[in-house]
Structures are given as C-alpha cells and as structure tokens.
C-alpha cells in the first residue's frame, strides 16, 4: 500500500505529452485550456514583476491565455496545492520540487528563471564576510529551518571552515532581519533579489556580499512547476505560457521603470518602488539566458542542486535529473 | 449599577465623608495610557532606539493617521473574517458545550479532540487548511473559528454545569423537559461564564483571522503587516498592530455592553469589586 | 460524585428500571477515538490521499513509536517552557485580576493593554521578543506567558466578581479586612471560573511555547516540526502535532484532577449534567 | 380524578463522604385524594426528604410509592412544590417568576393569558405594586410569598409545601392559610404541608402526620375531625385544643417538646 | 464597656429600576447597653433593613447612628450577625463554618483552640455528629442552627439576629431561646432580635419595638418588665400576657393582625 502511494506519477518530464508545433510558422498549437492559475510562492516582490507585466502588457493574451497570478505562502504550500491540482502552475525554488518529486508528488519543473542562486551572505562592511573563511569568529543569522540553514553545515565543510568557530543564529525571518540590522550579528543569510536592496536602503550603505553560487553552491530559483496531469493534458497551454513569459521577462528587464510602475499600481499598499527597481536589477544579474529562452533549464544546474541537497541530507534517493524537470515546453527554434 | 457605589463598606464610608470632586476613573485610565505612551516616546528618543526595531508612538500615530484610509479598508476585510469566524465558533461551540454537558460519553470523546485542536498552533494548522480549503475566505474563517472555539466551549461547559441543584429541582418539580430546563434555567444561569468565554474567544478570533491572512490573502491587516514587514516598514507594522488592538478593544467592548444589557440583574446580586 | 447518578430524573428512572451491564463511558470514548482513526485510515487508503498531504494514522503512529526517543526529548524541552511560562502567567495573572477587581481605575487602564496583547498574534510579537530578550529560554517563556495570560485574567476577574452579596455581607459583618474577605470568600467562590480560565490558559501556553520555538530554537517540538516540514517529512510533522496534542491532554487532565481535588464540594451542590 | 398517594415502607439513605446517613426508615403513609395532610416533626427528622420523595426529586432507597395504585417513578403531573428555600430566579421580575411555570409549560401565549391571575395572586399575598421588582429587591417574607404564588398559579392536583409560611408574620400567615383553604376547597387538590407549628397543622389538615427524628419515621397519624370550612371559629372547637395537645404530648414523650 | 446604640431619624430609600422604594422613614430608636431588643412587624416593613443599617451593611439615606454617643459609620467591632438566610460556605464543613469568624479574625491557631467551644455549641443546638458534614448535607433547620453557632462563637458585644429561629421546631426553638438568654446573661452582650412571634419577642426582650409597614417606622416601644432570669414560669406571669395582648392590639389597630 505504501508502494502504491510512492509509485504514483513521478516519472517526470520525459513521459509527458509534447506540445504540437506548426513546423512552418513555429507557432504552438491551439491552447487546450485558456484559463490558467499560477501560484506565486510569496507576496509580491520584485522578481514577480514579470508575471504581472505579462498580465498588464497582454503577453498572456497574445498567446490566447488568461492567467490568474495569485500570491502564495511559501514554496512547500505552493507545491502541495499544485500537486493536488488546486493550482495549475506554481512558482517555487528548485529545492522544494526536488524534495517533492522524491515524495511522489505529481509535479514537474518546466522553467527556472534564475539560473544562478540568489542565496547570499550579506555582512556589515565593518565586519565583512567576503569569503567563507571570514565566517570564522563571526556570527550569522539565518531563517530557521530554511534552505540555507539546511545546506549551511555542508557549505562550511566543503569550504573547510571550522563550524565551531561560527555562531549560527537560527531565528524566524523578521527576527533575523532585526538582529542583523541592529548589529547583534555580523552577517545574515538572505536572497539577493529580495532582502538585499531593502537592507541597503534601510542602512544607507552597501553590504559586503558573498554569493554561495560562486562556491559551487548554486541552487537555481524562481522555478515554474506544473501539475503533471495538467501538463500532460494541456501541453500547448504550457508551452504558450512559457513563450509568453519569455517575452515578458525580456520586456521587464528592458523596461524596468515601466515594470516598477505596473507593480506599484497593482500593489499600492505593499510596494516600495525604489526597492522593486533594485530587486529587478539584481534579478537581471542572476537571470542569464543568452542563447536560450528565459526559463530554459540547464541539466547540470539541476544536477548540482540535487548533489547539494543529497549531501545536506535533504533528499536521500536521488533520481535522474530528467525525473525532475523538462524543457519540452520550450520552442527553441523561434 | 448599584454595586458601583457599594463596593466595600470602607469605600462607602470614605465616599460619604469626603465628597470631593472626583475625576472619573475612565479619565484616569486615559491619563495612564497617555503616560505609558509618553514613557515609550521618551525611551525611543533618549535611548535612540532605531525605527526598525521600535518606532516611537508619535511616528506610529502619524502613520496611523496618514494611512487611515488604507488601514480602514484592510481592517474591514479582517473584521468580516473575524465576524464570520466568530459567529461560526459560537454557533458550533455552544451546541457542542450543550452536548458535552448532557452526554458524559460525548464529553469523553470530544474533549481530547478539542484539546488537540487547541494545542496545535494555528500557524501549524494554517498551511494544512490552505491545502484543503484553498486560499480564499473559508480558510480564514475556519482559522478564526478554530482558535476561538475552545475558550467558548470550556467556559460554556463550566457555566452550564454550574446550575444550583435547588434550581434544577425547581425545574424538575414543574415537570418540564430537560430541554426547557436548559433554556430557562441553565442558560441564563450560565451567562456570566459564557460571556467570560466569549470575551476571550472574540479576541482570539482576531488572531485567527490575522494568522489566516499571513498564509493566504491579498487583503486584510495580516497581509498589510506581512508586506510592511518585508519592506522593513516597521512603523506601518506597528500601525497595523495598533489597529488590530483597536479592533480587539471594540469587539471586547461590544461584548461587554451586550453582557450588561443581557444581565442587568447580575451586578445587583453580586458583591461587585 | 453524587450528581453522576442523579443527573436528571429521567435518567434516574431509566437506571432504576433497566439495570443492565454498562460499559464505562470512558471506554466508549476510547472506541469513538479509535473509530475516528479508523475512518481516517480508510479514507487515506480508499481515496489514495498521498502521504505528503495527510499521512494515515498508522504511518503517524508507527513514526511516533519509532521516533519516541526523539519526540520525548524534544517534548521535555517544550514542556519545560510551557511549565515556566504558564507558572509565570498564573502568578502574574491572578494578582492582576485581583487588582482589576479592586480598582476600577486599574481595570480601565489595564484592560486596553491586555486586549491589545491578546489581539496581536504571537507570531507578530515573537520576532520583537527575540530582538529584546534574545533567542534563549526567556523568549519562549514570555510567549507562553503572554498567550495564556488573557483567559486566566478574564476568567479570574469574572470569578472574583461573582461573589454573592450575601456572602460579602457575611464577611463584612464579621468585620474582616477586604484582603481576608478575598482570601476566604472571593477566592474559593471563584474557583470554578478560575479553573475554566486555567484550562484554556494551559493549552494556550503550549501554543505559545511552540510559536516561540518556531521563531528561535534549536530544540523542542516546534523546532522538530519546522525541520520536519523543511524536509517534507509530513509523517514526522504529524507525529509532532500528535505529541503536542498528547501534552495538551495531559496538562488539561492534570488541571481537571486538581480541580476535583480542590473543589470536592462543588459537584454536590450543582445539578450536574 | 385526583391523586391518591401511598408511601410504602420508604427508607432513605444519603451517601456522604463521612459515611451513610439514614434519613428515613419505614415511612408508611397514605394520602387520600383531595385531602390536606400536614407533616410535623423536629428539625432534621426527614420531613423535607419525604416531600422530595413524594415529588419524585429523590429516589427512595427502599420501599415504593404508588399513585392511584400504580408504581410511581418519575415526575408527578399536575404537581406544584413550594420549597423550603424560596428558589426565585434572579433574572426574572416578580411577575415573571410567578408566571415561570406557566410560560415553561404552556408557552408565552398562555403566559400572557395568565397575567391577570398572577396579579390577582400577588395582590392576595400583599405584593401589589411589586410585580416589576426583582427578587433581590424584596424582603425575605416577600420572596417566600412569591414562591407560594408560583406554586398556586399552576392549579396543581397535588400541592407540596415545605414550611411555606416560615418567614411570614402572623397576619399574612393567617391570610395565606385562609387563601390556601379556599383554593383547596375550590380546586379540590391534595396538599402535603410541612410545618413546625402544631396549631397550623391541626387548623389546616385532615390528617396530621407526626414524625420523630433520625432516622425519621412516622410516630402517629392524627386525623383531624374539625368541621369544614375552617374559619376563625375553628380554633375555638374543643377538638382543636384536643388535637393540639395530643400532638404536644407525643412530642413530649418523644422528648421533642419540653414539658410545659 | 458594651455598646449603646442610638438610631436617629433614620430613613432609607432603595433605588430600583422601577423607581425609588422608601423602606424606612424616621426610625428613631435607642438600644441600651446589655439590653435585649426585639423588633416585630409585618413582612416587608423594613426590619431587616434596620438590622442591616445597625450592622453597617447599609448606609441610611437620612439620619445617623451613634454608638456610645459617637457617629458610627463603619463596621461595628465585636458584632455578630445571624442573617435571615443562612449564608453557609458550601466549601467548608459544618465545624469549619462555625469556626469561620474565628479563623478569619484570629488565625488558624486560635481556630484550633476554639474547636472545643464550637463542638460544645454544635452539641447544644443538637448537631452533635454533624461537625464534618457539608452544608448541602443538612436540613433547612440544621443550617440555620449552624449559622446561629457561627454568630455565637464570636462572643460579640452586639448580636444581631434576623428571624434566627424561623425554620426550627418548637423544642429546638425553646432550647435555643434559653441558650441565648443564658449567654447574654453570662457575656452581657446587647442583642437586637427580629422575629414574627410576638410571644418570642416578649419572652426574650427588655424592649419590644413594634414596626408598621411601608415606609417602615416605629409605632411603639414596649418595655418588658418581666422578671429575670426568664424561664418556664415567665410565660405564666400576668405581665407576659399583658405585653403580648398589648402588641396584638397595636397590630390589630394597624390592620396587621386580624381581630380574633
């Protein structure tokens, strides 16, 4: 009976139906459904601007879709609602779907818009942590039970840092922020595309950055996951969604001011325009898609993520990378 | 409010002797609150507590005023959730309390489940509810209901059980059904207990709704607080908390008014204090 | 337990007539709980509810047993926080209730602050406490105290105010100080109310401690739940919640035992039910 | 048909934490339909217990009660009780307290229809003008009178009264005695009346039951042969004095009354 | 020195939701030290109110009370009250209820030292063997006796009793009357005694105060010139019958007692 549960539906991308493409025009076949829900993994922040831009500028409409972009509460919840089919598509980091697939969730990653991890350690310039070795003798605050917290021991180990020399303070996110801003701790683990500009604006000076991705700790982020059933039934819709997002990302990064304005309009109570602008600029740094459409998933990227997760004990039964993701919904030759 | 002037004989005597002009108690209370805010204001100024840790009351009030439109509109959303959740809570809780009072079997079977619900933090339950009931209103109503449920049931059970044997015998001697006995004797007799539970419950319902908004919402004071927090806009966070407190006081006050109105006979029979 | 056999005259009569072998109520209650778990088990099996959404009770129990050492050691941490926080809560709450009962001024000045604390979700207060009091035991104790405080105070105030005028007059006629009046009359008379508040409070204290662990901890059931959640280990999450519920039931049961022991006279004077 | 009651060898044991208390032992008593039976006896002898057993509020430990020959277990229909303590409802006005049994048994409509009767009753016990007051605004005797009105308004077939006139002054008491006699004549109900006043018992009753204490049992039943209707002259009948002194002497031999 | 009390033109108005109730009007009364004063009057005339005002439990609306010539506002030291309702504490045994004033005023140690006296008192009111019972395990009259013991154990200088014997049978009543007289002789306390029994009032008192109803006022004070100590023969004194009929006739002219 347990096998029955685990066995259901995680064959991954390779087994899904493929979208139909007109060989001449390169046009994607008619969408199977037009109404789609996309569940974000948090309330509005800069990196979500492209999804709202796609709505406001009519990119979804251009592709014959009506996408409802909804705010959410963390990657795990998003993944669970997508797995259940409550939502068609969702935004998570790569960590949660990697775990979810192992748990037998019928989901597949179909795009990831940060091919470099935003996870970083920021520190006050007077107590700088510029390299992993700088951590020794310092204190660092991190969100309790977060991805960073889980991979941190392995990171220290890999970089030959003496863990006993590092005071790791595990607290809830806003307590973490308070401790760092109040200089109770020297450094803090955050997302560059989220907290960094907020902190810098509040403190009025630049923080010393240390990106984990520069030390082979690259966990891709801003990943689109889809419900397998949904993807299998509506391959054209999925492909159209990704195509629309490709245009939307391009447009957003080219027209940051307009994207900020759209965001400020949509979330008048929740948005600081200056912060969103900086968040978008930082997003541009880690969203590098030169010869491929925005969201294209590099297999090695996923493989690296899985290796880190396995090394940190977050997954135990690593499968082939194909079990987790697919690029089938991208039209390369546009 | 007879008892007010009769609280204790010592006071009474004093009042008779020293009929000086009295500042109403509520005014004094206002002064205390103002004093509290003054100390807070001075502390933030003298200790130079940074704004993102603890804003001064002045900043908070300024913010409350400047954002009053925003706060009000979000507050209405929250209030609606609280109202529905609390109504659900009362309308399930009281019948459940009745069931528990009349059936030792149900008491034994339900108490463990109720305690379980009560001991599991709403922040743990909330994500599960989101998965089962979605991101909509239902989840928030359910959270407000679940969190305010227990004090209402516990107090109602205590209250319903507190009927004097004499009164119960009176009902029996008239030969009425236990149902009428309940309605005419147990219920009015339990009112002080019931209101105790409802006062705790209604404030908890606010917490439930806000926790619901933390996990699933695009409106409401919980949402506002969350987004303000993400922007490190601590004054707005505190302005939101202040609004929450205000809502709580209003609801509590409303319950207290209802209590006075429904039980005018009560204070006259009690020693007051 | 006289009332047990006297609940209502209808029951009484029935008992006299049909003296059949009776299964104790508590056993029936156990059956119900078992039935509940059975339905749950069948539902997860028949509806093929995946483990990551809702594990079956069998899986949860297996997990509880296999991890009993881990759960126990974390539970002890949580229990210590609950105990200290709740003790603090009672030892501040009851005196505060006394102050409120005797001073209309304090009632007016303190109620708003109490309601404010009550209406602001602990998850909002928790980060501030971490910054002020550090990420050690203090924060968790304070959270357990703050959350369980209000029901204790509200119920105590209602209870202390519920002294019959007759009894108060008796005290006055003996010429005792209001302090002794309180100790000998108001306090015993308020016990049923007090225990109502304490029952609600003790379970809330569990929630407070767990929320504290969510915010800052390296041990305790809250921490365990959080890490299990981070690893998508849903069975362990539920095993933790199960342990929490168990702790709550134990604490509630302990309070109920204490209540019976302190108020043997109570049930004999009441109609029961 | 009105109620005939038969108490057969009733015993009652109360369980207390300090052991059992034998309150009654072999109480054997028959109450004829439409009769007026008084129970007298020392304090604590079990009078209230007998009444509570008749009312069905307490189950006898041994023995049984028969109503019109049939075993009686549950509540007795058409019964009204005046308790030793006036159990008034603090949240109801005097009028609403009196109308309480009507409202609860027959609904609001019937309650409204009975208001006049309630006012009449209240007036007859000297509580005119107090209809809208609350119990805590009454004196002890006034409360007791309200409790009596609450029983009488039910037009019971069986009226049980536990020291109903204890807190009343002589005149009010006298008036209420006459009211009671008139009502029981009119409506032909059966009355069981507990009192500490031997004169009251003899004056009112068809039968006076004398109980002795702990465990309570019936020492003697004295049928009262006074002429009916009872009035101011009743006390002057030679039988009145006879009965009174008969009961007195029983109490004296039982050591319940000191020799004069 | 024991208490001498002076009630000067006392008036009392109760505020109720349905308007004011004038309970007392110009009650003027002096109570000599060590004297035994009874108050009789119809139900609801304000006897309890007078007693509560003397006890300091209620403030007069007009007038004042003087104790030994001084204005009296607060609690009266060395006072004990028997209330119309036995206000027993449900959570205390009979013995602990009796010892309650001692424990509360003088502490646990003194309480222990007074146990024997309490047992003695309980025995004298016929409650031997009930010391460890709880109030709900007692009959109405037994409760009243416990309340009386609770007052007497305080050795008060001023004893206020509101219909203390209402629920007692004739013998117990008689015994308690003698006990009361003996105690007040021994300890020389002042007693204010409310009763509905004119005989009781005359038998016990140095002065009988007759009140008339609504608003309550004093119609007459009748000094009782019966010889002391009072005993079985007192009732046979011609003055006894004289006083009783004097009071009866006042009541009759006031319409409080029907003409015989």
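For clarity, chains are labelled A, B, C, D and E in written order, and residue numbers in each chain start from 1.
Keep this in mind: a residue touches a chain if its C-beta (ideal position, glycine included) is under 8 Å from a C-beta of that chain, and two chains touch if they have at least 3 such contacts.
All values reported here derive from a predicted model rather than from experimental measurement.
Fewest steps needed to get from chain C to chain E, stepping only to touching chains, is 1. In terms of C-beta pairs in contact, A-C outnumbers the other of A-C and B-D. Of all chains, A has its CA centroid at the greatest distance from the CA centroid of chain E. In this assembly, the C-alpha centroid of chain B lies 47 Å from the C-alpha centroid of chain E. Between the CA-based centres of chain A and chain E the separation comes to 86 Å, rounded to the whole angstrom. Centroids of chain D and chain E (each the mean of its C-alpha atoms) stand 27 Å apart.
Along chain B, residues 9-10, 53, 131, 164-165, 167, 172, 214, 268-269 each make contact with two or more other chains. Counting only residues that touch two or more partner chains, chain D has 17, 56-57, 75, 85, 134, 136. For chain A, residues that reach two or more other chains under the stated contact definition are 76, 80, 84, 174, 178, 182.
Residues 3-4, 8-10, 25-26, 28-29, 32-33, 36, 53-54, 101-102, 104-105, 107-109, 111-113, 115-116, 118-124, 131, 150-151, 154-155, 158, 160-165, 167-168, 172, 178, 186, 192-193, 195-197, 199-200, 203-204, 206-207, 210-211, 214, 222, 225, 237, 241, 244-245, 247-249, 252, 268-273 of chain B are the ones that touch chain C when the two sit in their complex. Those residues of chain E that touch chain D in the complex are listed here as 14, 16-18, 21, 40-44, 46-48, 84-85, 126, 132-134, 137-142, 145, 162-163, 166-175, 196-198, 232, 251, 256-258, 260. Against chain C, the residues of chain A that register as touching in their complex are 1-2, 4-6, 8, 76, 80, 83-84, 96, 99-100, 102-105, 144-147, 149-150, 169-172, 174-175, 178-179, 182, 184, 313-314. Within the complex formed with chain B, the residues of chain D that make contact are 52, 55-57, 75-77, 79-81, 83, 85, 87, 89-91, 100-101, 103-105, 134, 136, 154, 160.
By the touch rule above, chain B contacts chain A in their complex via residues 50, 52-53, 70, 74, 127, 130-131, 134-135, 214-218, 223-224, 226-233.
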